[in-house]
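Presented sequentially are two complexes of subunit A, the first with subunit B as partner and the second with subunit C.
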Partner chain A sequence: MSQLEDELNAEATESEGAAARSPAALTAFRRGLSGVTVPILTTVIAFIAGGLIVLATGHNPLSTYSSIFNGTGFNWLFPWVGGAARATAAGNLQQTLIQTTALILVGLAVAFAFRAGMFNIGGQGQYTVGAIVAVWVGSSFAGMPAVLHIAFAIVAAGLAGAAWAGIAGVLKALTGANEVISTIMLNWIAIWLGVYCFQLGGPLQNPSMPSTPVSSNVVAGAKLPVFWGSAALQGLDVGIFIALALAVVFALLIKRTRLGYEARTVGFNPEAARYAGINVGRTWIRVMLICGAFAGVAASLDILGWKFSLFTNDIQTSQIGFYGIAVALLGRNTAGGTVAAALLFGGLLTGTSDRNINLSIDPTLVQYLTFMIEGIIVLLVSTDVITLRLLKGGQRIGVALGRRPRDVAGAGRGGGS
Partner chain B sequence: MSVGTIAVAPSRAVSPKRIGVAGIVLGALAWVITIPPIEARGMAVPIVLAVVAVAAGAWSVGGGERKLGIEAIVVALLAVVGAAASAKSAVGTLESVFTWSALVAATLRYATPLLFAALGGVISESGGVINIGLEGMMLMGCFWGIYGADLLHSWVWGILVAMLAGGLLALVHAFLSIHLRANQIVSGTGINFIALGITGYFLEYHYGPNGTPLNISMVPNVKLPLIQHVGFFGAAVGDANLMTWVGLALVPALTFFLFRTRWGLRLRSVGEKPRAADTVGLPVLRIRYAAVIASGMLAALGGAYLSVGFVGSFSNDMTNGRGFIALAAMIFGKWKPWGALWATLLFGFGNAMSDRVSSVNPTLGTLFEALPYVLTLVAVAGLVGRSRPPAADGIPYIRG
Partner chain C sequence: MAQSTPPALALKEITKKFGSVVANDRVDFDVVPGEVHALLGENGAGKSTLMSVLYGLYKPDAGEILIDGKTVEIESPASAIALGIGMVHQHFMLVPVMTVAENIVLGQEPTRRWRLDLKAARARVRELSDRYGLAVDPDARIENVTVGAQQRVEILKALYRDARILVLDEPTAVLTAQEVRELITVINRLKEDGRAIVFISHKLGEVLQVADRITVLRRGKKVDTVPRAGATELSLARLVVGRDVMLSAEKPAGRPGEALLDVRDLHVRDDRDLEKVSGLSLAVRAGEIVALAGVDGNGQQELVDAITGMRAPRSGAVAIDGQDIAGKGVRAATEAGVAHIAEDRQLRGLVLPFTLAENLALREYRSPEFSGHGWLRLGHMQQRAEKLLAEFDVRGGGAEAYAAALSGGNQQKVAVAREIASNPKVLVAHQPTRGLDVGAIEFVHRRLIAERDKGRAVLLVSLEYEEVKALPDRILVIYEGEIVGEFPPEASEEQLGVAMTGGKTERTEVAL
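Then we have the complex of A and B:
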């Protein structure tokens, strides 16, 4: 969570090439490792805690976790798995990667805001708005050439998400409104907007299915092509590449653009940024716009890649925005971390879903287990205690190199305005 | 000579501020006259009132009261929309939507859970700890309240178990925020996830797909003996739940505690200037712990009202964001109990309105469901006055 650490991490990495084996590089390498160690440790602790709860309610955590693991499809990577099991694993892995696609982007939507010192809890609403627009564009304009249609839908969804997040950004810039509350409220407003659109008699409800509260279907020309597995069995679509590309864009944005620099500076200390001449309000708005765009694109990839329509029930029960928060926090708000965390959660969601018929524990139970694990991860990430303990060894070296001791009071305030 | 250049200073009686307030009132009036009991028909009078309100707002802006003036103009414009809606609706429809006594009763029902949670938020933040986890604590109280009432066959036990559950979850939040000095907003978010997971897990584990049983002992309503059958008041407050009255009583009680007792002063000092409080010898960390646990218990009571006091069952994620609305109510109410009360009543009114609109127009009713959240957005945007949290709110305290 510490932007200071991320910033120093980034700078250390950049200097790595110049000083191959110097103490600075070694420290940077150790700190880079610790940057990976802490999330791994956090995850392990969270899974252990979840396992304890499973044990306390009379189920075997080991068999639970192993059946979840088999459901993720990661066992497809093991060369000794063959035959029918391999085919099942392949299907599961496709599902995991489908989930990962959206999680990467929603995670980035939260991560970028965190880097700028803001809490974007509004991923759910931005995703929803993006989904509404994506499904509308995807189901209209039937004659359009495929590439154009898909691009139009994705861009439109991104713009919708951006606008939705922009509301919170503008409110924060103009009135100082706490973006935690405003984004949460916008979430609910978006959900009700979606229910209104697709409910029976709603303006965007599917005219050919008058008794189902669902949107119209995305036309064939707007569906994302499937490249692994068959389209009929919901194989993996090219959306994953778009998500990964946008993760690279995120990394470039943070490290190599002026907006990224301004965002990080504002995240460190808005007052200092203001003193340095940065327009803090405008930075906030720009950051929120980009965050919303990420979330909106996530929705469009889901809609065009595998959902193809939107039920009001989907809108009301989706929790993807909140998974995005956990993904971003676990990934320490970096591009690589977010992708890895998204993969973990994608696996967890697939392994605990109804698809997994080999689950040794009731799937409904295990979905809530996922929430608990998620919550524990977020709790652990909220404190720097583990990080402090681990880095104590490196801290003496760090102080010698001029890094100031962790400012705990600042960490407590975090990014709230 | 220079007579023409001397600006006439506005006298106090017509200050821009008063004109702005008058503008807001007139704008609201433009709509209010079209609904029962006045039920003026036609758009003529509302439009006239709205125009005067806009003029007053513009004057106010020109006189320097920008926020009041803009509010007057916005209220006037919204009132015209409302008046148009009234004009389009039949008198009978309006009367069925605006049955004020039923609206008041519904407002109280919706406001009660919000009130408990908001009061919890006030206590926690008065002590300097941000409690975003109110939603999770409410949810815990909601589930464990009905679990306890079911298992131990009495709503009293349900309430107690709910308070215990909320307090325990709050203890986790307190430990993380106070001892481990976690980022309080992130830890609050984690608390919410955990509560969602725990309540859903044990709902499924203990009750299975059928959900909570029927006929669980519920918190009784208080039937006021004489008033109960008397017209407006009877329908409005004659049959309110016990917890509603407890919640309402808590408001002056907490105000008294916070502002007129020694421990209230100590709590507030810990939230404003913990360093000074420590110097005087107050146990800062322990007071904060107590504040957070109390807030968890109160939020849990709000959740328990939902399940054990009102609906009689529990379904997944039953609180549905109410904890966050309670937070907004706390901010709206400027971190004071009475303010929180008015805010929760306003939000409760929004919920009640959406119910009644749904009954006459289901499609429109869905949009109205978003009304409480829109009101909250308006509140946090400071359109009702910038408010200031306790000075040390959210900053972990480090001894020494």
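Then we have the complex of A and C:
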């Protein structure tokens, strides 16, 4: 823990700089120094806390967790699991990875904004418009060659998500409107836009099912190929590779491109960005466009990969954009971290879904456990000072709390400073 | 001195380690009532750590603290305050929206029948401020008073809590020359009143003016404690740095060429839409350093912002080697050949969580050597950083180190290195040595002179009288947004002082 110690000390001796640091700068500073320790510890604490809740309800947390674990399909990785159990595990792991695909991308949509000092709460809305466009493109143009059709649907959904997020970017650049507020509002507009499109009598409602508020089905040629498991049993489609490729793009974008450099400069210190001749407003817009594109592509992979149609009910109850926030926070806004966190949440969502629940456990409890663990993780990540102190054995906790600005979620409210 | 009474405060063999770094190594320090004892040392010499130990922020690894001859344990700032220790931090700890009186009594409010007795608070504040000459308006809001007044409020806060031992941490760093003089008067009154004062600084001149004794720290160790009598700037500088230093920059006469910076009839407004630069014209020629001297707030910031493209002027021209860039933004200014050493390295000049390689690319990252087709050339950034870090003798980390991990002086070297390396025609140096210790000041000065000798036009904007005297070939005085006088570097402090405060008596006689 000497690294941590050095950090704490460097911070204490270098009191001169504390006032000038933006919250985003502090977050990055901590990210650099506390590495993967804090996220892992955070997750462990969250699972222990969840276990205590299970215990309090009179169940055995160990058997609950083992049941959830088997539900995720991660046990497929164990060579000793064989026979029917292995087939079940494979099916579960396919489901987990299907969930992971979209979670990676909505996570990146939030993470990229964080890196530029913005808090994109609008993943949900950007995902929703992406889904609307993807399902429309996917269910139309029936004669198109498959590869072109799929590419067209994914790109169109990405552009739709980008445009949706871009609205918040433009509003921030031109009027200073806080992106937290504008993206939340855009979420609602997107959701009701989707409901309008597919409701009974809506312009995009499935004409062959006049009494169901649902879109038309994606045509066979626009479906993503399944490479593991059976397409009929919702096997794993190639979308996961697209998500992983985009995570690589994210990493390159952040570290190796001029735009990423500008975005990080704006995120850490908007005043220094201005000083360096960076157009801060334009950077905000570009960053939001990219965030929206990630979320839009996430939706297209869900639609073309396994959903194939969109119910108004789904649009209204989906929580994916908000999982994206948790994924980005736990992944510390890095590409690798986001992928790992997406896998964790993908596993949790699959492992606690109805069909995987062992009858000895209260099914509602197990489902809520996902939400509880998610909540605890977000809470702990937002207050990683506490976790750092736990590591340090609680020393000087008062001093530390007094000295550090409270930056909930580490969102640099860059525009304000 | 004063062996008869025990010192108000004595630190004995204080040792504080951070990991493997020894921030304080068996440091002794004491101060008696009615004495000003200065603590002098470079950035990172351990002054702040020692005071944090005293104020209960750190627990020392070894050593003891005595108040009035009795050993005490100081566990928190609250216990330090209870023991009569008052600390005036470099960064003020005030509530901007509350009044002066409210800030002073905060935490120890006088009450009458369970209600805040503001009348009593005001009266007490007034009494203290009269007694020590700390002029403040008890009813003014903190956000509306000057930095100097905020500092007086901090001092009053400590006095209100009956501080007998007053620690002033770099108190002059934020003050104008006039405010510094006022502060020294206040310190002398506090001293006469029998309070013990610890004065932390890295400015030699000030320390010689105000202190009775001077203790020098270097790399965590006490080097020596010397009485003021007999000490000189040179002898102190030698103690601080550990070698001989050149206090006044030595420079051959410049050979100025044509004007590279030509500002004509410039009008600039500030954020509140008040005109801060009013029809100002000035020119800086190739191969000369021109100092812009003035009291802070007379339009220097707005002028610098307009020249460097950070702020669009209302009217007028800013020509860089004949090319007008007024109002065209930072990028246009950079491309025309303007480099800008920013006044506040942490606010503007550096991105603290960036590596040094990333920071050193900030001015030129768009140029073909640094990026092409949207991609950064990381290899070039790295090589460039290594070269500059060596050339500018930046210590504390390599190209991959974070800027936040460096000391203030090394951070400033990084900012200076980047701007100079961009090969500018015009170098605007705004307070380039603010907060630096003597060694680093000497270094920056030498580099600025070297740039001048390479034929660049250097505009030095400074509030430091020493710097204004030592560096330039010409001195221009700015007052209320206009140039009110031009002086040779030999001009006396009085001549400059009169011009800086708007007096116009001698200007015509001494102007070049």
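By definition in this document, the second predicted complex is superposed on the first by the 344 of 417 C-alpha atoms of A that agree within 3 Å, B and C clash if a C-alpha of one lies under 4 Å from a C-alpha of the other, contacts with A are read in each partner's own complex, and residues count from 1 in each chain.
Just so it is clear, contacts are C-beta pairs under 8 Å (C-beta built on N, C-alpha and C of every residue); 3 or more make two chains touch, one makes a residue touch a chain.
Being a predicted model, the structure only gives us computed values, none of them experimental.
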item: Contact breadth on subunit A, by residue count: subunit C or subunit B; value: B
item: In the complex, subunit A residues that touch subunit B; value: 1, 53, 57, 119, 121, 171, 175-178, 180-182, 184-189, 192-193, 195-196, 199, 201-202, 322, 325-326, 329, 362, 364-365, 367-385, 408-409, 411-416
item: Residue ranges of subunit B touching subunit A (in the complex, touch as defined); value: 130, 132, 172, 176-177, 180-187, 189-201, 204-205, 209, 321, 324, 327-328, 331, 362-363, 366-367, 369-370, 373-374, 376-377, 380-383, 386, 394-396, 398
item: Residue numbers on subunit C that touch subunit A, as the complex places them; value: 18-19, 21, 23, 44, 48-49, 52, 57-58, 76, 90-91, 309-310, 329-331, 333-334, 340, 342, 344, 346-354, 358, 361-363, 365-366, 371, 374-376, 378, 402, 404-405, 407-408, 435
item: Residue ranges of subunit A touching subunit C (in the complex, touch as defined); value: 2, 5-6, 9-10, 12-21, 25, 28-29, 32, 256-259, 261, 264-265, 268-269, 271-272, 274-277, 398-399
